[in-house]
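Have a look at these structures, which come just after this line.
Look for subunit A in each of the two complexes below; its partner is subunit B in the first and subunit C in the second.
Presenting the complex of A and B:
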């Protein structure tokens, strides 16, 4: 683990760099790329809490993402309610849903959690596809409203979106950092490594898994709200898709699950790779970016399951021993 | 005063009878030795006390309170801590962090926990190794860490499941010394051990398990001469004279 000072300096530099970047580079595609990068870094950091630190792999985080997206978009679309309230409600609902999922599932041992997250995600997508109030499979479009922070709508600039994504990423990272050195952080890692020994040390493991999932779900929903308001159109096939769930897992695994900087590293590699391979290989080569992605993951699994952060640690270790 | 009382504790796994009506009480401040051949039910008995298994029949009382079927973490908070027959280290954590996992049971603040864990490491003689990752350490060290971790939960009763198995003679001596030191702190201990010499050295009272039953109970010297014990260990053909 890093010292507090090191962490603050690293985070400060990163935030500064990300804050300045869109001011220097005004290319709109690049700005979009940065926003997606920050969004996925934040999403993966949120997933990291439950999947990385507590070791409970979820393949259904799109549920929380979708809940966030719909909670912000539906009231905005139907009643013109400010999306900020929707965002807060989305976070709350996702937290409650996480609790409801966790109560039965975390009582089981082994991989049942991972399996059930798949199932829950499918069920929720079907529910939304058949829910008339949110226009079923067609999805929702954001109404055209006055631009500004109240409606969180901007037509001529991407900067407000960029900074909002940056702030979300900053918040999740701070929460993760605080968690990492608290009792909760130790308990999460203990549960991942030796659940039975953790129990013998007085850890209520199902309760702590529950905490991890709830915090993770909250931030995932916030990201979902942001995504909806940024792209202005949501539908079950996008915000509740398996692709989103899997992408979050892949980014974290690539960067390094259970490490503070893993999600950002993973997003910095995967998101540009995906965007540019799509541009280079063209729309007709559908799925080639995913093939590249898959190949990367296979390599990680074989050579360094701890991801890039793990590679770096191994490098440091070898250097020290030379 | 009786600290732990098992009344008719039985455990069935389908047709298999792992424990059959165990009556056993443990006095505060004693070291009770549990011995018996493989599969006699010693670990199952520990699991029933520490909440990892819910006894099929009977009850377990800790200081008069019924703890049968209570969740393991609650049993730990009440003051019973167990170690595992096969070491269960948090191998990605350092020695200090492993012990902190125990201290966190009573203290929430990281700083305070760290200081207390440090004290415990000095007590168990691991202070110099505190920043080493546990995964790379020897079995003897890992067993010592498990003991340290258990002490850190501030238990009144410790259940030690073969903490000396796999150790060489010198390491065994050290482990015995540590157990006696823990005992001097006023902690009641139940030790499961295969090695007779070890158990004879540390406990004044021994209970012998065989095929899920408690067959003999008494001072070590009497127990080792008991016919039933010899039969349990060596089979029907041998007796004390042979």
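Presenting the complex of A and C:
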């Protein structure tokens, strides 16, 4: 664990670097890449709370992501309601849904929990696909409105999106940092390592798993709203897909689950890898980019099974020994 | 409601359910012994189906004759996967093994896509394909019946192997407690390797039969894999009997329920069934 000062300095430098980067490099693809990177880093950090710290692997975070996306987009589309209210509603609904899912699901252990979250996600996707008010499988398009912060719509620049994503990532990281050294953080880690022992010590494990899932769901929904408003089109097959759920897990695992910087590192590896292999090798429809991606994931696992954070720690350890 | 239609639905559900069972048994073996969720399981199935199809297409070897070869091939693919992908990540957090098999799954699927293309391929000239038996007004597709029978036999063979043979005992001991098994002189790494091979071989049998009535394409494994994750959890992790019965149940729900409520909801029904069961029995139908 880092000290407060250390953490603040690192976070400050990172935020500053991310804030300046799009001003220096005005390439539109690069800016898009940065937004995706920050979005997935924030998503994975949110997942990290429940999956990394509390050790409850969820394959169903697309539920919260989708709820956030639909909560921002549906009122905007139907009534022209400002997406900021939609975003807040989405976060609230996702938190409530997390609470409702949590009651039956947190009696389950390990893999049963993972498969349950996945089953819930699939059921919810099917519900949205057959719900006429949100245009079923076709999905929703954002209406064309005046650009500006009120509608959170910008046509000529990507910078506002970039800074919003950065702020979301900043908030999730601060929350994770505060959580890591609070009483709750210790409870989470105790639940992950020895649930029985934690319970014997008087930790209400299902309640704290519930808290972890609710916090995680809230931020996932915020990210979902942001995603919807950024790409301007959502449909059940994308925002509620297993693909999203899995990608969040992959990034966190790749970076190092249960560590503060793991999700950002994972996103910094996986997202550019994916985007650039697609730009350079994709487009043939033959999946060369995915061959490379799959091979790299396997190689990283084999050679550095502790995630990218493990690599960093090994480096630190060597330096200290010299 | 005509009774024959209902019976027909139940029969088709049962037949496909038995195939699900065998795939799930392979998955639950690996899961139960090593505590690893093998994401590439569906892609092993796809490889089996593709090999069988290629044998038929290029050498005119009927799927039923190439079956033994495919089972052996898949067994070795399982061994190799264990040796090169799983073994290096053993002892690290379970998420990493998950990540590794997921990467492997993407890799296999897209290699096949790259070399063989995304087209759907169907065999309709083989010994089993396209023929039906009729019995008392009910129709049985010959290929599906053969697949169901073959899968039941393989499941039974696995069950016998685990409960009667010396290796089976070693495997069960390893599943219960890896460290103690190691202390008792069991070579757990070898048990793991053979488990992985065995799990893949199950898929080989299923794939070799499926190719007679199911289109072959690079993504074919995905649906099966997803259903089988649910089946394994429904039956109770690592429980062969549970996976077998849950597979049949899922086949029935998918077919009969899908007919009454609408085919677009057939997977949803399976997931809802799982959620209902799991809320009453937190360790699956047959878990303990």
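We take it that the second predicted complex is superposed on the first by the 292 of 322 C-alpha atoms of A that agree within 3 Å, B and C clash if a C-alpha of one lies under 4 Å from a C-alpha of the other, contacts with A are read in each partner's own complex, and residues count from 1 in each chain.
In this text, contacts are C-beta pairs under 8 Å (C-beta built on N, C-alpha and C of every residue); 3 or more make two chains touch, one makes a residue touch a chain.
Keep in mind that this is a model prediction, so the values were computed, not measured.
Contacts of A:253 after superposition on the shared chain: subunit C is touched, whereas subunit B is not.
Contacts of A:187 after superposition: subunit B is touched, whereas subunit C is not reached. Legend: residue contacts after superposition of the two complexes on their common chain; A:297 is shown touching subunit C, with no touch to subunit B.
Comparing subunit B with subunit C, the partner in contact with more residues of subunit A is C.
Of the two partner chains, subunit C is the only one that A:108 touches; subunit B does not reach it. In the superposed model, A:203 lies in contact with subunit B only, and not with subunit C.
Touch criterion not met for A:11: it reaches neither subunit B nor subunit C.
In the superposition on chain A, no contact is made by A:270 with either subunit B or subunit C.
Looking at the shared chain after the overlay, A:120 reaches subunit C, while subunit B stays out of its contact range.
Of all residues in subunit B, only 50-52, 71-74, 76-77, 81-84, 88-93, 97, 100-102, 104-105, 108, 110, 113, 149-150, 153 touch subunit A in the complex they form. Interface of subunit A with subunit C (complex): residues 51, 57, 104, 107-109, 111-112, 114-116, 118-120, 122-123, 126, 129-130, 242, 246, 249-250, 252-254, 257, 285-288, 290-291, 293-298, 300-303, 305-307. For subunit C in complex with subunit A, the residues that touch the partner chain are 31, 37, 84-85, 88-89, 92-100, 102-111, 113-114, 117-118, 226, 229-230, 232-233, 237, 264-265, 267-268, 271-272, 274-275, 278-279, 282-284.
Within the complex formed with subunit B, the residues of subunit A that make contact are 181-183, 186-187, 189-190, 193-194, 196-205.
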